[in-house]
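Chain naming follows the written order as A, B, C, D and E, and within any one chain the residues start at number 1.
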Amino acid sequence: MPKAIKKRSVKTGLPPGALIHIGERHVEHANIALFEFDESRFIEKEIHDLEEMRIPADKTGVTWINIDGLQDIPLLEQVGQVFGLHSLTLEDILNTEQRPKIEDYADYLYIVLKIFNIKSDGGLSLEQVSMVLGPNWIISFQEKGGKLLDPVRERLRAGRGRLRKAGPDYLAHAIVDGIVDSYFVILDSLGERIEELENTLISHPIPETLQAIQRLKREMILLRKSVWPMREMIGSLGRSDSPLIRESSLIYFRDVYDHAVQVIDTIETYRDMLSGMLDIYLSTLSNRMNQVMKVLTVIATVFMPLTFIAGIYGMNFKYMPELEWTWGYFAVWGIMVGIAVLMLIYFKHRKWL
Amino acid sequence: MPKAIKKRSVKTGLPPGALIHIGERHVEHANIALFEFDESRFIEKEIHDLEEMRIPADKTGVTWINIDGLQDIPLLEQVGQVFGLHSLTLEDILNTEQRPKIEDYADYLYIVLKIFNIKSDGGLSLEQVSMVLGPNWIISFQEKGGKLLDPVRERLRAGRGRLRKAGPDYLAHAIVDGIVDSYFVILDSLGERIEELENTLISHPIPETLQAIQRLKREMILLRKSVWPMREMIGSLGRSDSPLIRESSLIYFRDVYDHAVQVIDTIETYRDMLSGMLDIYLSTLSNRMNQVMKVLTVIATVFMPLTFIAGIYGMNFKYMPELEWTWGYFAVWGIMVGIAVLMLIYFKHRKWL
Amino acid sequence: MPKAIKKRSVKTGLPPGALIHIGERHVEHANIALFEFDESRFIEKEIHDLEEMRIPADKTGVTWINIDGLQDIPLLEQVGQVFGLHSLTLEDILNTEQRPKIEDYADYLYIVLKIFNIKSDGGLSLEQVSMVLGPNWIISFQEKGGKLLDPVRERLRAGRGRLRKAGPDYLAHAIVDGIVDSYFVILDSLGERIEELENTLISHPIPETLQAIQRLKREMILLRKSVWPMREMIGSLGRSDSPLIRESSLIYFRDVYDHAVQVIDTIETYRDMLSGMLDIYLSTLSNRMNQVMKVLTVIATVFMPLTFIAGIYGMNFKYMPELEWTWGYFAVWGIMVGIAVLMLIYFKHRKWL
Amino acid sequence: MPKAIKKRSVKTGLPPGALIHIGERHVEHANIALFEFDESRFIEKEIHDLEEMRIPADKTGVTWINIDGLQDIPLLEQVGQVFGLHSLTLEDILNTEQRPKIEDYADYLYIVLKIFNIKSDGGLSLEQVSMVLGPNWIISFQEKGGKLLDPVRERLRAGRGRLRKAGPDYLAHAIVDGIVDSYFVILDSLGERIEELENTLISHPIPETLQAIQRLKREMILLRKSVWPMREMIGSLGRSDSPLIRESSLIYFRDVYDHAVQVIDTIETYRDMLSGMLDIYLSTLSNRMNQVMKVLTVIATVFMPLTFIAGIYGMNFKYMPELEWTWGYFAVWGIMVGIAVLMLIYFKHRKWL
Amino acid sequence: MPKAIKKRSVKTGLPPGALIHIGERHVEHANIALFEFDESRFIEKEIHDLEEMRIPADKTGVTWINIDGLQDIPLLEQVGQVFGLHSLTLEDILNTEQRPKIEDYADYLYIVLKIFNIKSDGGLSLEQVSMVLGPNWIISFQEKGGKLLDPVRERLRAGRGRLRKAGPDYLAHAIVDGIVDSYFVILDSLGERIEELENTLISHPIPETLQAIQRLKREMILLRKSVWPMREMIGSLGRSDSPLIRESSLIYFRDVYDHAVQVIDTIETYRDMLSGMLDIYLSTLSNRMNQVMKVLTVIATVFMPLTFIAGIYGMNFKYMPELEWTWGYFAVWGIMVGIAVLMLIYFKHRKWL
């Protein structure tokens, strides 16, 4: 969190629209892939010359340009010129600390989304995915690249489903749908960690358990922070009146909206579960203290009277009749054993043993 | 919870409308029952050939098709073709991880509901019930089958009430009403468990009590997660302007809405009660600790001074006048008993005994 | 709570509008009282023949029929026929587990209210009061009967105030006003119990105090559950556009609305107070534990060193010079007293004594 | 709180509009002061004959009547007749348990406000101020009288500011503004008490500290209960479309609204601070317990082994070689001191000392 | 907080619009700087004669007047006259206890903002920045002056970006943007303190840690109190329909709005983190207590039985056979060591060591 803020705060004092890449560099140089398709046609190529991406006015079908990596600012500026993007759009694409949102720039829709990746240490790392949806084209920007969009590409290549027949709005839907689905994978993994933690919690809670609970709680907060605005955003896509989204596509966005709500429901349920686990942890501490105290009390209660009796007959008074008795010593032993047994029965009765 | 997510996450990367049954198989093969009725007529038959369910354009009366079991995907696709269902509708019927919702596809309304069954170990298992409500027909899908709809069937057969005279919207109402009523049965059972737990809590709280409270809390969360969207959904049925729901039926849906609100009220009350029980549990732990500590303190406070006195007269000083006195030993006993009695009176006074 | 649910769940599977009395029987047979009045006229009679309650079309003035006891279902069905009540209205009158609500059936308004009675053991018992408000008549149904409406009757008989001059809507207002006022009596009594509990809490908190707090909290939840929807209901009466409520009566309902808001404010204040009392209870437990531990620590800290010194001179070494000294014994006593006094001064200083 | 309710509950069963003074008597008999002014004129007189307050139809300028004390019911009824007040208005003026609110009676606006006074014991006492705002007159009612409105009177007499030039709506604004400002004085005093309490909390928390926190919390609840509806009320004044409030005055009410919001912000901040103080109090208790336990543990851990060693050489075995050694006694002392020093170093290391 | 209130409460009883500077004096005398610019022109000068700031009716370009320091009331009154500001605007500029807000006075917009400075002791100090936005001029008021607006001035001088070309609304945006960005710097610093605190918390929590947490929490409350209304205010700027804000500038305000939302998100995340830290602190206390108790219990449990055995053979009975045995002493030592070892194994097994 603090890091994100630190990165953001370097922009202080710069004019809006000043293009600075806020975020870490993840890939060496940007990779640009272009897809052109309609029901009958499908072209896929890698682009190096930016002129290749200019779309002739009379072109039919859908063009999808996918850019992995954001550090090449001149490239982005060129993209902006070719497709007529507002300077604020470019700034937002570069600033990877955005919240998920949708912005309607009349000529195009600008969509920001967040995806999570599970790091090797089990933590979550955020990645920003931006999309610009035009009348017959769509440009997607991925901070780190990766396989997130592979299934969509596969479906395009295979020509399965509506994807090739429908317009760029349906392709946008496919991408958003894939991103929301990726949250289920994350939640799956978090759910498993919660379950493991629950078992640990009951068998042998340690301070580390508490820290693990807190860590999971914080990851839930992170997820929540991304999913809530994403839900809102998808919801407004589902009732959009922009001409860029056809009437017939709205229902698909509403379907994704239902999935986003389900993600939120699950996050809220996990949060409730983690709160419950905190209660269990704290009461387990109390319970243990109780048990430690009981052991101490039992030991003290049994041995203090016995030591007292031993002390009595260790006194050096001249006249102590019991000391003279032949069976005195054994009698005292008998009394001591008797007291100890009675004590133990008493504690058994009070369920302290 | 994690399981539901896991099941959901297998769909990642598939196009929307791809028909995959998400959920466990509960019945060997789907059972299809068809009911045709109007005020004067009532036909009930089991269907094996799917052509039998096609409804002639000139048919009067209401046709109700009930399908138990969702694993037969080709069958569902055929149903979809016969009744003109959207592919998203079919996908939602198969995906049993839906939230309760209503969707208006102009030609028909698609309704998803959840019911709970009490498992043999007292836990709750979820089941999804879907309905598609057309102009003169209704199709219901039950994940596990079961007796939930038997009372509705009985009423149809008996021809009692408005059911035979009214349209499919009223039949839909009867089904929704039956489902909301089934929540009262669940709450009844949970209420009993809460009451039992409360008695245990006061008589002899153990760590298991806490776990039972947490388990109940989680079941409340589960119920809540289903009932809140169900309430919303029934509410929007009650003020629906779809031509598929007649003006005269709205009041019945508003009546069911009141019941759903009552279910939510009860759930919230139970949640408050369970929170109160957690407070009682934790303060009981503190109380017990207090009592253990009091026992320890009483014992230590009584025996430490006595042992000290015994230690004094166990010293081996040459010149200790008391040791020579004839009644010294008995005097010491007297002093010891006196101290012990005073201590006990003091503790009695402070209410520690 | 569980009982209410149990009662409700017996209706599972019955068609809506099926008349079953849900609730306990409180009076042997229903009592029907009829009042007819306008500015100049006042007739009061008990009714046995149901035909007597039919209101001729040309009748002027207001007719109020009050029915105590709900178990006589055929009677209610007849009332329903005479006044043209919807079957759902009759069902709701009989089902005493309703939330407060208002329903506009065009021809009449149906109003459900809840009142609380204080039971002999200080607990609260609920009672449902229903009203049906027609153009020139009003029917009220009380589950248990009782004196709740006596003041209204008195005012009618005395002809005081606007009551005789105004229409049935003003009479309805008078009844609702009386019911809201009855909550002040309940809150008065609960406020006294809270005050008593607070005194106990500070002087000598015991586990029973906690249970009393929880009991009061639960009663607050119960009250809240009734008052919130009642407020909403009265609020919608105050801005009603039904022709059954005259413009000039709205201000009276808005006045009652203010009272209902005041009831809610008081309930919320009590809830806050009870939460504060829970905090005090728990911290009192901690405080006590602290005090017990201090006593133990003081005793142990004073006597352990002394016993150790006594133990030293109880050793049987051949050569222990102190033992030979004439004043050794007394010197040891001196040292012991010195240590004890120093310890006590130290504890005094640390405010442990 | 309970007292307020008790007072309210005496009205149970009376018709609305029945004039009963609910509240304590604060002044012997009502004082009526009349002010008449316009830009050039200013008359101030005390009124005894009620006819004097009747305003001739052709009178110009503003008339302000201020009444201190509410127990003279016939007087109020006369005022009601002279100015044409609704019976509910009169009832509300007398019932000093109102929430702040505004009511639009077409001919006049009725405004209820609450002010707090600091009692000699530091507690808060409530007082109700009502205003009736007519087209060219304003009547204010103060339960206890007092100096609250003196600054307004002063400004009128001095003819400073807009007050003399503007209409009665601006005068109403001046009164409301004075009342909101009086909350800042209260908050000032509460803020000081919170600061004092914070110092006590850190230096030496005692159970009384907790009670003081709870008392302050309750006063916050009281304040909140008055300020929230007041804010709402002032807000609706600021966007009022009543002809009684001129367009040009609205901005002044919106200015007061900002002050009311600031009062609420401060109350919420104080509440948060008090909650934080409760956490500190409870953790201080735990901390102390920890320290008590550490002292006990250090003492026990040092002296138990030493006492054991002394006990060893107090045994009376025939053959115990150490006892015969010349330096045995001193060697044992050496060992004991060594053990004690090692223990203390260990505890130092663990930061227990 | 209390100080702010105290300052506010001195105004009690004064008419609205009375100009009193509420706040501390920060600069000796007000500094007035004037900037005039359009695309081709840029004039910057310090103003001493107030007539210099009067803007001729035919002047083109934008005039920006920046005033540092608020104590010179006659100066402000003159500014008010020159630019036709309402007396309430002047009062609000002087009263530095305002919440962030925007007010539309038709002729100009009045905007209040808050900025935070980090004091040398790490605490936060508030400063108020006001702006008045006219058709072709803008006046900004800074309580303490400072470098906040330097970057904006730099950009003006350099003629970079849109700033010189666009109107005063865009300049207003630049100032608001700079202020929101300054929050990121604050959050950056707070984030670092939270991180440090977290490390301390895990390694060696002390009561001061708790106080530091509470202090940070309070700073979060302070920030929140400023940022929430600021967000609202910027939001309403972004959808403003005032002619003073051009259509083309709205998108820039919406961009700043996104940043404000991000600030709020971060604050909420920090608040959640601090709450989690409180839980960790409290459970750490419990954990420590547990450990202290375990040490005590182990010591007591090991030495009490041993001391008892030593006590036994310290008794002075005439007939105690063991005392006569040659190896008795050594046998007892053996038994004692055996008991101690068994005890330690047992504690090892229970994980107490």
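Just so it is clear, a residue touches a chain if its C-beta (ideal position, glycine included) is under 8 Å from a C-beta of that chain, and two chains touch if they have at least 3 such contacts.
These numbers were taken from a predicted model, which means no experiment stands behind them.
S.K.: If you fit chain C onto chain D using the CA atoms, what's the rotation angle, as a multiple of 5 degrees?
M.R.: That pair's rotation angle lands at 70 degrees.
S.K.: Per the centroid of Cα atoms for each chain, what is the distance between chain A and chain C, given in Å?
M.R.: Taking the average C-alpha coordinate of chain A and of chain C, the gap between them is 43 Å.
S.K.: Measuring from the mean C-alpha position of chain A to the mean C-alpha position of chain E, what distance in angstrom results?
M.R.: 26
S.K.: For chain C, jot down the residues that touch at least 2 other chains.
M.R.: 282, 286, 289, 293, 296, 300, 304, 307, 311, 314-316, 320
S.K.: Name the graph shape formed by the protein chains and their touching pairs; answer line, ring, star, complete or other.
M.R.: Contact pattern: a closed ring, each chain touching exactly two others.
S.K.: Could you spell out the chains in ring order, with the walk beginning at chain A and its first step landing on chain B?
M.R.: Following the ring from chain A in the direction of chain B gives A, B, C, D, E.
S.K.: Which of the residues in chain A end up touching chain E in this complex?
M.R.: Residue list for chain A touching chain E: 1-2, 4-6, 8-9, 11-18, 86, 88, 91-92, 97-99, 101, 103, 105, 204, 207, 210-211, 214, 217-218, 221-222, 225, 278, 281-282, 285-286, 288-289, 292-293, 295-296, 299-300, 303-304, 306-307, 310-311, 313-316, 320, 322-329, 332.
S.K.: Which of the residues in chain C end up touching chain D in this complex?
M.R.: 150-151, 154-155, 160-163, 173-174, 177-178, 181-182, 184-185, 187-188, 191-192, 194-195, 202, 251-252, 254-256, 258, 261-262, 265-266, 269-270, 272-273, 276, 279-280, 282-284, 286-287, 289-290, 293-294, 296-297, 300-301, 304-305, 307-308, 311-312, 314-320, 351-352
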